[in-house]
Amino acid sequence: MLRVGIVGARGFTGEELIKILMRHPGVRLTYLSATLTKPEEIGEIFPALRDVVGLKCEPFNVDKAAEKCDLLFLALPHTVSMDYVPKLLKRGKKVVDLSADYRLKNPAVYRQWYHKAHKDIKHLKAFVYGLPELYRERIKKTGCVANPGCYPTAAILGIVPALVAGFGDKDGVIIDAKSGVTGAGKKVSPEYLSVHVNENFRGYKFNMHQHSPEINQELSRATLARVDVVFCPHLLPVNRGILETIYIRLKKSVPAQQVEAVYKKFYKTEPFVRMRGLGVLPQLTDVTYTNFCDIGLVVDEKKKLLIVSSAIDNLLKGASGQAVQNMNIMYGFDERTALA
Amino acid sequence: MLRVGIVGARGFTGEELIKILMRHPGVRLTYLSATLTKPEEIGEIFPALRDVVGLKCEPFNVDKAAEKCDLLFLALPHTVSMDYVPKLLKRGKKVVDLSADYRLKNPAVYRQWYHKAHKDIKHLKAFVYGLPELYRERIKKTGCVANPGCYPTAAILGIVPALVAGFGDKDGVIIDAKSGVTGAGKKVSPEYLSVHVNENFRGYKFNMHQHSPEINQELSRATLARVDVVFCPHLLPVNRGILETIYIRLKKSVPAQQVEAVYKKFYKTEPFVRMRGLGVLPQLTDVTYTNFCDIGLVVDEKKKLLIVSSAIDNLLKGASGQAVQNMNIMYGFDERTALA
Amino acid sequence: MLRVGIVGARGFTGEELIKILMRHPGVRLTYLSATLTKPEEIGEIFPALRDVVGLKCEPFNVDKAAEKCDLLFLALPHTVSMDYVPKLLKRGKKVVDLSADYRLKNPAVYRQWYHKAHKDIKHLKAFVYGLPELYRERIKKTGCVANPGCYPTAAILGIVPALVAGFGDKDGVIIDAKSGVTGAGKKVSPEYLSVHVNENFRGYKFNMHQHSPEINQELSRATLARVDVVFCPHLLPVNRGILETIYIRLKKSVPAQQVEAVYKKFYKTEPFVRMRGLGVLPQLTDVTYTNFCDIGLVVDEKKKLLIVSSAIDNLLKGASGQAVQNMNIMYGFDERTALA
Amino acid sequence: MLRVGIVGARGFTGEELIKILMRHPGVRLTYLSATLTKPEEIGEIFPALRDVVGLKCEPFNVDKAAEKCDLLFLALPHTVSMDYVPKLLKRGKKVVDLSADYRLKNPAVYRQWYHKAHKDIKHLKAFVYGLPELYRERIKKTGCVANPGCYPTAAILGIVPALVAGFGDKDGVIIDAKSGVTGAGKKVSPEYLSVHVNENFRGYKFNMHQHSPEINQELSRATLARVDVVFCPHLLPVNRGILETIYIRLKKSVPAQQVEAVYKKFYKTEPFVRMRGLGVLPQLTDVTYTNFCDIGLVVDEKKKLLIVSSAIDNLLKGASGQAVQNMNIMYGFDERTALA
C-alpha cells in the first residue's frame, strides 16, 4: 500500500486530491497538512467530507510528513512549493508538485513571470514535466514531477500534434482560453465575489499570463524550434472547467481528414485524450468531473486555418487528476485507477 | 408625439423595446402585436410590466397597425419579417426591422445562410444598415432601417477603425465571440435548458454562423475590399451580453499609441462607443443594461497583432437599444433619448 | 431643482441611487462621497457609468455636503450612519438614511442586535420609518427618514394586512426568506466568493437575524400588540431579489376570497404593491429591476393557514428605490417619478 | 457478479445510475434501454461517458432485459413504470423502481395526484418503500423496491425522529422546500429554459405537489397517526440539490439538547445521515455529489418550535444513490459500496 500525503490540503486542488485518493485501491492517505495553528478535522474544513475522511489536517512538519508518506503531493501556491521540496527530497521522498515552481526550466524566465528568484535551482533539472502524453517514459522513472498548469495542459494537448506533424505554423498560434473561477485558486478578493463573477465575463492578462512561458517552453521542446504563442485568458462564470479555442495557421492547405488523422494517431493509445469527430465541438460538461481532455477540430482549408477546441476540467486533468495520473505512472498502477 | 408599434412584442427584443419606449418622452407606444389567438394584456405576458404598460398585445392586423402607428419595430424571427415589411411600406409606414431579412444586400447570400429565398428583393436596396457609427447620415433620411445583428455590431465596431486606417490586415481577422443565451431568441429546445447552459460553455457553428456574411459585407463596404473574417461564436452561461475578442494581424508593426489614437478619433463624437484605455479590457457588466459598446485594445508590436475586446449588451446596442437609437436619428430626437 | 447627494456612493445601494437619480427630472445629483483618500471619477469606480455621470466621488466633507445639497442619502453601513446624521441635521439638511441606525426606536434593542451603543439617541424619535404604505402622511412632513431594511419591507407588506384585519394569528407567523447576495452588501469574505455561492444554497442566522426586531417593531405598532415572528433567512445564488414565503396561522377558517379582498383593499391605491391573483405566486424576475412588491396568496381553509409569497428587488423596493420613493413623497413629486 | 440493467437510461437519474454502477465492484452493467428507434452508443447520448461505458442504449425489449439482468432499475417517468413492472416481475426479475408508481399504497390517492388509474394494483403491496433508515429489514428481503421521491426523502428524514419521539406536533409541520432543476426531470418547457431559471427563484404548487401524499403516508405509518403536512416547494437556480427548512411545532417546550439527542440516537448507525451540531445549518454543497442527508437543528424553546434544515442531492440520496443503496441492502453488499 502506497502511503501518500498532501501538503496544502485546504485549497481546491487539495480537496480534489483527497476525493480521488480516497477511492484509489492501491493508496492510503496518511498525511494532510495546511497552514493552520492547530490540527483540524478534515470534515470541519470540508463538510462534504465529514464521516468520509477520518484524518486530521495539521500544520506542516517535515519529519512527520517524511515518516508517514512515501509520496507527497504539494498543492501549494506558486513560489511557496520551492521552500518545501528540497526538504522532502533530502529525506528521500517522492513529490508531485502542483505549483508552477518546477515547471519552467529557465530560472530567469521563472523570475520574470513569478516575480521571485528561484530558491531551489539545484533540483529544477530533476523534475519531469508531468504531461503523460509527452513524457510518460520519463515519468515512470522519476521521483519528482512538476505537474503542468491547467491552461498549458489544454493548450499543449490541443496544439502539439499540429506543430509536430509540421503543417501548423509555429508563428501563427493564437489561444483564446476560458476558465472557471477555481482556476485562480481560493483567492478572497473582490473580483472573485459572486456578484462580480455571476452574469459576467471578461478577458484578463492578455499576452501577459504566467502560463504563456510554460506553453512556449513545452511547444518549443516538442518542435525543437522557438514557439511563441498568443495567449488570451478569460474568466467564465462557472466553478470549473477550461475550454480553449485555438487558432493555428497552416503552412499550406491541408485536407481536414488528414489533420484529423494526425491527431487521432497522436492520441491513439492515450487513456485520457478523446478526439471528437471533425466539426464536433466539446462542451465543458463533457469533461468536468472527469480526467479527460476532449479535442474537437475544424479545418478551414481555404483560409489555411486549423481551429482546435480543447476542453478539460481544470481541477482534474488540469491539476489533481493529472497529478494522480502521474503517480499511477510512477508506481506502475493502471493509469486510469481512481480516475475513470 | 410619435406613435410607434411593435410587431413581435413577446420575444426578448420586443420586451426590451417596450421597456425603452415606455420611458421615451417623445414617443407613444400605441400598438403591440404577436402571434396570439386573442388579445392579451402585456402584464399577463410579462408580469414585470403589470401596472406599467396599459396596452394589450393582439394578433397582427396590418390595417390597424398602419392606422395606429407612424413607425413600426419588427421584432420578428428571421425569414418572417419579409412577409410583413412590404405591407407596411405600402401603407406609407416607416419600419425598423430587427430581423436579418434586410441586412444582406445580396439575395443569393441571404438564401445561402438563411435557407430561404428572399421574398421582397424589391425593397432590399431601400433599407439602410442601421449602424449609426457608419451610416448616421443615411439613417437620418431613410424610412426603413435594417437593424444590425448583435454579433456584427460588436465585431464591426471593434474592427472597422483598424481596417479603414490601413494597418489592419483584412485577411488576418479572427473573431472569437461569446454571447449570453438571449442572443439566440426564445427557443424552447434542449440545449437552452438551464441544466445544459448553467456551469457549461461551448463553441458552436465555428465558421458557419449566419452573422459571418453580415460582418463581411459591412467590413468590405467600409474598406472597399473583400474581407472574409474567421468567426467563432460561443455560448456563455449568462442571460445577456456579448464579448468578442478580436485578433487583427497588422500589416506592419504599429505603435500601440498610434492604434489607440486611430480608434479614439474614429469614435470621438460617438455617444455610445466608449474607448477604454490601452490594455484595459471591458467586462460584460460594464455594458449590460446599457446601450454602450465598450472597446479595449491590446497591441503586440513584436508579433504585429492587435487584440480588440469589444463588449455590448446583445439586447440593447445589439438589438432594441440600437433600434431606438436609429429611431431617434430618423426623427431628430437627441440620439441618447431613453437610452442613457 | 432639488439638489441631492449620496454619502457612501460606492456600495450597491449607492450605485443604484445614482442610476435612479440620474433619470429623475426634478433632481440634480450634486455630491457623491465615499471612503476614499482622494476624489475619483465615478466612471472609474463603476465603469458602466462612464460618460453617463460626470461627477467625482470624494472623501466626505460635511460642510461641502451641506453646501451642495438639500437632501442627502446615507448609503452607509450599519453603526456608521449615526456618526454622520447629527452633523447633517445640525446644518439643516434633510436625510434619508438607508442603514439600520434609525429604524429601531428602542436603543436597547439596537444595542442588542447591532452590538454597539447608539450614539444619537436624541434624533431617534424624529426619524420616520420610511415604508410609504404605512407612514405616507408622516413621511410627507418629515425631514428625516429611516429607510426600511430589505427583508422587513417584503415581510411587513406581506403580513400587515392579515394581522390588521384580525384573522391572522400574531403568534403564528413564520417567515422563510430567501435573498440574493447583494442583500449582504459588498463584503469581501470567503462565503461570498462565487465558488461558494454558485450552485449552492443555505440558511443562516435562523431566529438570529438583525432584521427580526425591525419586523417585530413594525408589526407590533401596526397591530398595537406584541408580535414576535419566526424569521429564517437563506442565501440564494442570484445577484438580486428577495422572495419570502410567509406562513400565517389563521385564528379561524377564513374564505380565501375574503383574505384576498382584505389585501386588495389594503393596497388598492398603492403605486408599488401589486396583488397577484389567489394562488398566483410571483417569481423574482417579476420584480427585479423594478420598485414593485408583488404579493401572492394561498389560503388553506381546512388547515387554517395563509401562505403569502412576497417578492421585491432588495436594491430597489428593498433599499434605493424605496429611498427615492420616500424622497418623492417628502418633496411632493409624483411618487413614481424615476421609479416606473 | 450481479448483472443489472437500467430502463430509462437517458434521463438524469439514468445517467447517475450509470456513473454509480460503473464503479461498483460487485456489479456488471449489462443492459441499458430508452425510448429510441435504434440502439445508440451511450457515449453519443452522454459525451462525458465516451470511452468509459462500452454499452449501447437500446429500445426496451423485455425478453432481452430479463435474459441479461438479475435486477433492473426503472428510471422512468411516473405513470409509465407500471407498464413495465409486471412484465419484469413475471419473469422473476428484481426491480428498483425510481418512479412514483409503487410508492403510494392507496390506489385512490395515486389516481388523485397522478391523474391516472393505477394499472398494477396487484403488485402495490409487494413493493417496499425504499427508505433504508425506516425499512432496512424489509428491503433486505424484498425483490421489489419503490424508491422514494427526492422531496420526501429529505422531508421524512428531517421530520420522523421528532414525531416518533412524541414532542413534535403532527398537526404543526410546515415544509418549505427548495430544489434544483434536475428535480423536475428533463422537461423541455419554457419555464426550465436557462433564461427563465437563471437569476430567478419562485415557489410552485404550494399545497398541491404530488409529493405531499407520499410524505403524509410515510409520516402517518411511522407515527401510527394521521399526519397532514404543509408542503411548499420552490425552484432554485442550481442544477442539483434539495434543501428543506422544516418548521415543527412542539407540543411543549423541549430543551434543545434533548431534541438533538433524539435525532442523534435515531441516526446513530446510519451510514448516510449526518447530524450537524445544534445551530449548524447544512448547505447544498455539503451534500451535492454525495449520498448523504445532512440535518441541522435549531430549537426555539420559548416559541416551542423546532426548525430542521435537511439537505440532500436530489439525484443521489434523492434518487439514484438511494436506489443503489437499496440494491446494496437487497444483495448483502456493504451499504456504502460505490456511494462513499
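Labels A, B, C and D are assigned to the chains in the order they are written; within every chain, residues are numbered from 1.
Definition applied: a contact is a pair of C-beta atoms (placed from the backbone, for glycine too) under 8 Å apart; a residue touches a chain by one contact, two chains touch by 3 or more.
Note that the structure is predicted; figures quoted are calculated from it, not measured.
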Original post:
What shortest step count links chain A and chain C in the network of chain contacts?
Top reply: 1
Subject >> B-D compared against A-D, more contacting pairs >> reply: B-D
**OP:** Could you put a whole-Å number on the gap between the CA centroids of chain C and chain D?
**Re:** 39
Subject >> Whole-Å separation of chain centres (CA-atom averages), chain B against chain D >> reply: 47
Subject >> Whole-Å gap separating chain A and chain D, where each centre is the average of the chain's CA atoms >> reply: 37
Original post:
Touching two or more other chains, which residues of chain B qualify?
Top reply: 196, 198-199, 237-239, 282-283, 285, 288
Subject >> Contacting residues of chain A [partner chain C, same complex] >> reply: 12, 181-182, 186, 188-190, 192-199, 237-239
**OP:** Please give the residue numbers of chain B that touch chain A in the complex, ascending.
**Re:** 174, 176, 178, 196, 199-204, 206-207, 228, 230, 232, 234, 236-241, 243, 245, 247, 279, 281-285, 288, 296, 298, 300, 303, 305, 307, 309
**OP:** Please name which positions on chain A make contact with chain D in the complex.
**Re:** 23, 47-48, 50-52, 198-199, 274, 276, 282-283, 285-290, 292, 294, 340
